[in-house]
């Protein structure tokens, strides 16, 4: 019974969270100097309706099954990711003994979905976008896994519910001050959002999505915000104490924390320039990876 | 040992998926598709391992194979002289040898499956597979695993450092040269000039 | 019923417009960027309306048709100061920039509510090249492959990588003349390994870009320095907008455009410059590389030359400019980052000059003679190969840095007289 309730809650969070990202992104854009684009609350829905009614185009000799399946696959990965997030000690879809490892596998499989999306269109710019994500994806995954191992240490478990329970006294964001900032930067990369949007970037006229239109593009855009929501769920669980909090019920606390993470990511996406890919590699391997080791050592010493 | 009908059904579906996508690896006409069919096959096997209560190993299969196949596909596309891997090409070669090797392997594995008597040892009730795996890996064999892990990580970092634009002996586009083996001697390693004059072997057609 | 309900909802979406810029089409772009209700997209696949702005020369009609046919149905076309192609008699044409946004929004609404059918296809839907593979799967040649399936030769001609010795499969394709991140008209054949450019061959030069009319006047008689300098600053600010949009800082780019729209001698750049620095434009974006050698910099002239430290500016020859204390601002290095520092410095310099000229009783230029346009010294005949420097400059650069380099150069030779297409377009039809 609880699992069903949690499943409903998860789908609700995907839908509402995705919509919230779209609205927040427009509101932030308006505040950052974009011209008024109509009602920010209606615009995402109207845009969805437009994409739904548009034809799905084809390119010359695409790999059609892979091209159409990649957005759906990416959406499925996002949904799986959010299914790992516990809404309360008992309200969780899948509280696996190896939840953290599954999240790592989802990050790895997302690389495959994004590459396929770019590759199967059979067009040069989309292909470069796919290449780029693969070239950078490994470094994102490494940093994110090291940071998550740091979170797992005090919990002595790979279960996300145990990770939250271990933050009863002190949230990980305080206990491991390097963790959340590192995880958020890497999250921008994993969801290729804002400054780290190198796969679907402007210089590639939309990158992996540059040749897609109509319903497949709608699914891809939904999947992208869904992945952002799933990521914010994991970030809130791992660092911000998940359902923990006074007065309000647990699920509400988690929703608020996820919203805070989403707002932070959307804001970063609008105020920073896109990082040059080469600089991004340097940042990941020379700055963030050593910092994640420091974070891991910190967590280890603290757990002793 | 109790197995539910549901778990049985999932097992058969996954097994069929694993075999089907494994077969498609050889019948498809693109290296990228072949890699990802192989990945699908591995994912199905990983899920079967999850059914067998190997919670950690099954998931490890997922993330290892996802990255591995991704890298494999990318490298094949990059190095295999087929624009973006989208031109069709045949995925099998050395047919006779492959048929013999495949037939032999199938016979041996099939014979094993049919004639070996598998032990019937149900899991003890309170066993936590992840924790016991951790104790196994980080108990007596800690030294081996940890040193292997650190060697692999150092290799990864080393590869990235060596392939980066800002190389060990200066920026790569400015003709970086390693220092000589003796002070003031000729630079170590292959000489760029010699390679430039003998570079015709790159032009096959 | 459900469809009409969805259609009414879709009609209220911000209109995705793919601007296809012909000669002089850029003047449609800036008001459009600042208008609400319209979003500019970079891929024809993402658009609902194709905006053809400015005259498109006949030799690019084939490319125009190909872009047109890439828009997914339902779509419409709007022709701004441009003659619709044969076969598109139903298309709408406007000449007044003020009504542009309303027309785009109206077209989108008519499409979505079914009052207007989609624009027809102009070209047959078939592969540009026939299947010429050997064998069933195109693998009948030597080794595992053979033939040229759909015109794609198997890449057996591996080139050595020019940058780091990691030889990869090379990918050759053509881009332009309407790729929105290149100057309009510029088309090139590009070979990549990974995302490193191996070769860049221009196939058609960028269209000449119309300069502000005041530059034409300045060649004939003295004009107010304030007016001239404000036009110069406006040109650079618009240029900055294009680069910021590419760099993912469209919000700041729009601020630059707003500043350009409301430019007075009392305007100042401090706020924008501070925001640019704070956002990390100079540190994070792909501004490395793209350094011009002295000879190329001298040939290009203008801010590109001064960013490389070459003291060349016709304004130094003008006695009234000297009276205002003008001295060319010079940069160092001549790479993409230096060019943007240079442009910002020159905008500030122009604003300061304009202010001082007003204080001096609206000082004018001395008279006809050498004129410094925003993109370099005035030339009687526009050099046709301003983009030629790309062929030597870009190989070895990554895609992102290469596009940032192109965005930092004024490759479209400025012409003060309205280009031929413009005059043609303004004739009553």
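By written order: A, B and C. Residues from 1 in each chain.
Operating definition for what follows: contacts are C-beta pairs under 8 Å (C-beta built on N, C-alpha and C of every residue); 3 or more make two chains touch, one makes a residue touch a chain.
Please read all numbers here as calculations on a predicted model, not as lab measurements.
Per-pair counts of C-beta contacts peak for the chains A-C.
When every chain is represented by the mean of its C-alpha atoms, the one lying closest to the mean of all protein C-alpha atoms is A.
Remark: subunit B and subunit C have CA centroids separated by 45 Å (rounded to whole angstrom).
Work out the mean CA point of subunit A and of subunit C, and you get 33 Å between them. The centroid of the Cα atoms in subunit A and the matching centroid in subunit B are 26 Å apart.
Residues of subunit C in contact with two or more other chains: 171, 194.
Contacts with at least two other chains are made by residues 77, 84, 86, 165 of subunit B. Contact with two or more other chains is made by residues 61, 124, 127, 131, 278 of subunit A. Those residues of subunit B lying in contact with subunit C across their complex are 29, 77-84, 86-90, 93, 163, 165, 167, 172-173, 199, 202-205. Against subunit C, in their complex, subunit A makes its touches with residues 29, 32-39, 42-43, 45-47, 49-50, 52-57, 60-61, 124, 127-128, 131-132, 135, 194-195, 197-198, 201-206, 210-214, 217, 270-279. Put simply, subunit C touches subunit B in their complex at residues 133, 137-139, 144-145, 149, 152, 154-160, 162-169, 171, 194, 396.
Considering their complex, residues 3, 6-7, 9-14, 16, 33-37, 39, 41-43, 45-46, 48, 70, 72-74, 112, 127-128, 150, 171, 173, 179-181, 192, 194-195, 244-252, 254-255, 258, 279-281, 284-288, 398-401, 403-404 of subunit C touch subunit A. Residues of subunit B that touch subunit A in their complex: 30, 32-33, 36, 39, 55-56, 59-60, 62-63, 66-67, 69-71, 73-74, 77, 84-86, 128-130, 156-157, 160-161, 164-166.
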